[in-house]
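You will see subunit A twice below: alongside subunit B first, and alongside subunit C after that.
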Partner chain A sequence: MMEKRSFKWANLYLVFVFLLLYAPIAYLIYYSFNAGGTMNSFTGFTWEHYQAVFEDTRLIRIALDTLKLALSSALAATIIGTFGAIGIYYVKKRRTRNTLLSFNNILLVSPDVIIGASLLILFTMVGFQLGFTSVFLAHIAFSIPIVVLMVLPRLQEMNDSMVTAARDLGANSFQVLSRIILPSITPGILAGYFMAFTYSLDDFAVTFFVTGGGFSTLSVEIYSRARQGVSLEINALSTILFLFALGLVVGYYFIQQGLEKNKRKRTAVKDPTNHEKAVSPR
Partner chain B sequence: MAENTIIRFEDVSKRYDEMEVLKSVSFDIERGKFYTLLGPSGCGKTTILNLIAGFTDATNGDILIDGKKVNDVPPNKRKVNTVFQDYALFPHMNVFENIAFGLRIKKMNQKTIEQKVSEALRMMRLEGYANRDISEMSGGQRQRVAIARALVNEPDVLLLDEPLSALDLKLRTEMQYELRELQQRLGITFIFVTHDQEEALAMSDEIFVMKEGEIVQSGTPVDIYDEPINRYVADFIGESNIVEGTMVEDYRVAFGGKVFECVDGGMRPNERVEVVVRPEDLILTSPGRGNLVVKIDTQLFRGVHYEIIGYDEEGNEWMVHSTRRAIVGEQVGLSFEPQDIHVMRFDETEEEFDARIETYTEEGERV
Partner chain C sequence: MKKLTLMAVAVLALSGVLHLASVQLDRAGGATDGNTFYFYNWGDYIDPELLEKFEEETGYRVVYETFDSNEAMYTKVQQGGTAYDLVIPSEYMIDRMIQEDMLMELDHSRIEGMDNLVKDFLDQPFDPGNRYSIPYFWGTLGIVYNETLIDGESLDSWDDLWSPALKESVMLIDGAREVMGLSLQSLGYSLNSTNDQALQEAADKLDGLVPSVKAIVADEIKTYMIQEEASVAVTFSGEAADMMWENEKLHYVLPEEGSNLWFDNMVIPKTAQNPDAAYAFINFMLEPENAAQNADYIGYSTPNEAAMELLPEETISDEQFYPSEETMDRLEVYENLGPEYLGIYNDLFLEFKIQRN
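== the complex of A and B ==
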């Protein structure tokens, strides 16, 4: 009886916390449909703010730029970060390896403002034009440590004697990398890319420092518009972004589920010609 | 170099920092034989395997495969394949792809690969498992996949690093037969590493007994079992009674308070020696008819036989394997034949041992 009661309290607490966390977002979404034009009182339902968002070509361009930036910087960071993780993993001296890993982790925990400011100083010192490229490089820079952190555990889980076995069976270093190491750590690489993508997508501070030349991302744009006075167009835009993020999370969940199901399915199939499909054409 | 030699070690040593794991080892491996490196963990047997495969470099000395020095040849360029202790199968590939790995690296065409892999699957009795995931295979099946994956490359030498240690007893015995049969059928040189003396005795043409980075004794299973060079080998291979004695003269040895006829010789008169008698060579009899009289101390039922421990009047412990029961506390006689006695000198090297045997053994008596 007592147990059941306390269990209910725990549930209530959980609901309360989530309500608290989601209330501002819900409030914001709610008023994105307000015909009144302010967030003081809800006067009627309308789609007009959404219409305004889609008619705002500048905003659309910025949204596409942001997406392009996130996709490309995450890709670059994933490539660099994956090889970085492999590099750190194969450092023989434990001390050196731990030092390298610490340097990686420091970048993760250091405040965005400091990273942004230092990158700004760097870019202006070397006379780099601020714009898409500077933001792109900055995003790669802060995404790499995340990728390293996602990939490294997969490497540590990997059975090292697999690499030895592949060498024994005649594989050179490149073949070991492409056929053994990379396939083994693919889940980590995908997770790393996803994380880098979301980090890039919602970064404000670093971008704010290093952007220029008319280039802007959604976070920076929303910030500057909000400062000029809140228009419900921003609510609409934020709602769209929120739904997009939600879609990403749901999509990621289903991709993971699909991967696992696929694996189970593949083991169940007894079609003798199936192996030909599994053969990678090289 | 003998024409039949496939691998030769010339004074090969290996040290890691301060640790010398291999002390100037030399040996020849002949084509088409089953070799076993036998010794406790840390004796350097896996190091020898790694040196042959090319996973580590020798600190000193030359390693020759097929007459060519291979010290600087990377593992992927050696015609040698390995079956690893943990099998080291690729979990992201199915059974077929695991076995096909080496062939794909060699860029063989799909048809040849399919043919060779299905042949390997048939050889290892794995037909129908081609599309299974590695995670779906049992320990014994994984073992077979690992062997198939190595053998499909048609290596000159197959290295096996304690491949049976993860299997249960019944499966292990089964695999011993199978490996032996496989080796004889294919005619490939097998080098098998183990710490299990039973495995070594059952499968090998030749055993290298190792201790602390050195080969203590090499020979056929029968040679090593019947004529161990010293206490270490006698103790490591099978059960044995080892007592101290004195070599009165050639073919006469004293121990347990009596002088016995034996088949060993070539020692100094009255030299202190160690005498080995295997427990299964001792036969329980009445005190009057036995060569030695012991008092039974303990008895254990081992299934196949009773393991009986007794002490003679000098206090030496004697272990007897007998299918007949003894009575604890009773005095019994132990009878044995002169050829059951094996005499070992203290600190004799393998060369000295072989040379001594040459001098006192008649031509052809010992092969």
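== the complex of A and C ==
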């Protein structure tokens, strides 16, 4: 009986925490349908704020730019980060490896403001025009450590004897990379890509420092609009973004599920040493 | 590997499509190289219809970017990675930018309509002879009150803010020059005072204001006053006009001791890529009907005399926004006090702010 009761309390606590976390968002979404025009009181239902968002070509342009930026910078960061992770993994000296990893982690925990300010100083020093390219480079820079961190555990899980076996059977470096290493760390790469994508999508601080020349992202735009008094158009836009993020999480879940299923199927069919796969000529 | 390559290609294709889409949107707006006009302005500080009209009349395409403080604007322009053609800073920032050689000297032969402007607003101490800047809007610092919460009759000077009746109900704008200035003026000193004794007196007097203060905030004042969360606020006339537009119970008072007279002027930074467009825009804004339309939309006071004639009678006759000459004489423009006294103002204001908590 005692046990049952504590279980209930735990549930209640969980519900409470989630309520607390989601209440502001729910509140914001609720008022995005308000016909009253302010967040003071709900006077009636309307779609007009959503209409306003879609009629605002500047906003749509910025939304497209933001997506383009997130997709492409995450891709570049994933490629660089994956090779970085492989590089770190194959560093022989333990101490050097740990040092490299620490340098990677420092970038991860250092405040965005510092990264943004230092990048701004760098771009200014080399006389770089601020615009899409500067933001693109900045986003790649802060996404790489995340990708490294997501890929590295998968490398550690990888069966090293497979690589040795492949080499033994005459595979060259490229074949080892493309047939053994990359397939076994694919889930990590995907996770890294998604993390980099979301980081880029919602980054404010770094972007704020390095934007210019007519280029802007949604978070910077929302900030500058909110400063002038919150219009419900911002609520509508935030709601759309929230739903988009929700879609991303669900999408990622299914991709991950698909991969797991594939993996289970493969390991069930093939022999435990996976020799066949490692050397199968194609 | 195959799967990963496929995904990468898909991502690239998708970004390509997005890129084309945003370029297409730009095209629809009529963008080609060389006719783009980068305009860096305060948020919500121009009637968007005017931007469209300007595009139609001149063929330039406007890229409109906004800032929320003079300092933010200064940093962006100063670090040089930007190519803004026209910027609208406030007077003290213009002074600083002139001193740091960041502004292009204006060629007055290319500017038409200077005589539309009120003579009193030209040739100000921050820019003698208007060599670098042309007035865009002007205004004052004053007191906004809510008639249902406060008896307006009892509120016509800075000194009235100290009244015990206003306990915990005044919101102050978060600015050292503004708050120190109102204290100085309530004592009869100039708000540009560099007299240490006067400054100390003003700071001491501010201590007495602590019980009345509800909050020291910036842009948020607008929302609070509209939603009637405070009864009195010290804020700029333009902000006040916005609030009064939203909430009819609000009124603006220009204190009788005098107040600050501020300007937001158009300037062309040295980094401008398209000064021709900037001149075209200055001329466009000097045209009386455009200035009038803008003033009507934003609610700030226009420096354009010819435009004032086009504005509704009730706007122009409003003494709080277009004060009489006698009141105008008591208004003071902020002068650049130099880093030493600016530091003193900031320190004294900070001491006041700390006390509050």
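Please note the rule applied: the second predicted complex is superposed on the first by the 260 of 282 C-alpha atoms of A that agree within 3 Å, B and C clash if a C-alpha of one lies under 4 Å from a C-alpha of the other, contacts with A are read in each partner's own complex, and residues count from 1 in each chain.
In the analysis below, a residue touches a chain if its C-beta (ideal position, glycine included) is under 8 Å from a C-beta of that chain, and two chains touch if they have at least 3 such contacts.
As the structure is a prediction and not an experimental result, all values here were calculated from the model.
Touch criterion met: A:P183 reaches subunit B and subunit C at once.
When both complexes are overlaid on chain A, the residue A:R167 reaches subunit B alone and has no touch with subunit C. In the superposed model, A:D65 lies in contact with subunit C only, and not with subunit B. Touched residues of subunit A, counted separately for subunit B and subunit C, are more numerous for C. In the superposition on chain A, no contact is made by A:T99 with either subunit B or subunit C.
Legend: residue contacts after superposition of the two complexes on their common chain; A:N159 is shown touching subunit B, with no touch to subunit C. Applying the stated touch rule to the two superposed structures, the overlap between the subunit B and subunit C interfaces on subunit A comprises residues 179, 183. The touching residues of subunit B, when paired with subunit A in their complex, are 53, 55, 74-77, 80-82, 84, 86, 88-94, 96-97, 101-102, 104-106, 110, 130-133, 135-136, 149-150, 153. On the subunit A side of its complex with subunit C, the touching residues are 38, 40, 57-58, 60-61, 64-65, 67-68, 71-72, 74-75, 79, 120, 123-124, 127-130, 134, 178-179, 182-183, 186, 189-190, 212-214, 216, 224-225, 227-230. The touching residues of subunit A, when paired with subunit B in their complex, are 159, 161-162, 164-172, 175, 179-180, 183-184, 263, 266-267, 269-272, 274-276, 278-279, 282. On the side of subunit C, the complex with subunit A involves touching residues 1, 3-4, 7-8, 11-12, 14-15, 18-19, 21-22, 25-26, 28-29, 36, 38, 43-44, 63-68, 76, 79-83, 219, 222-223, 226-227.
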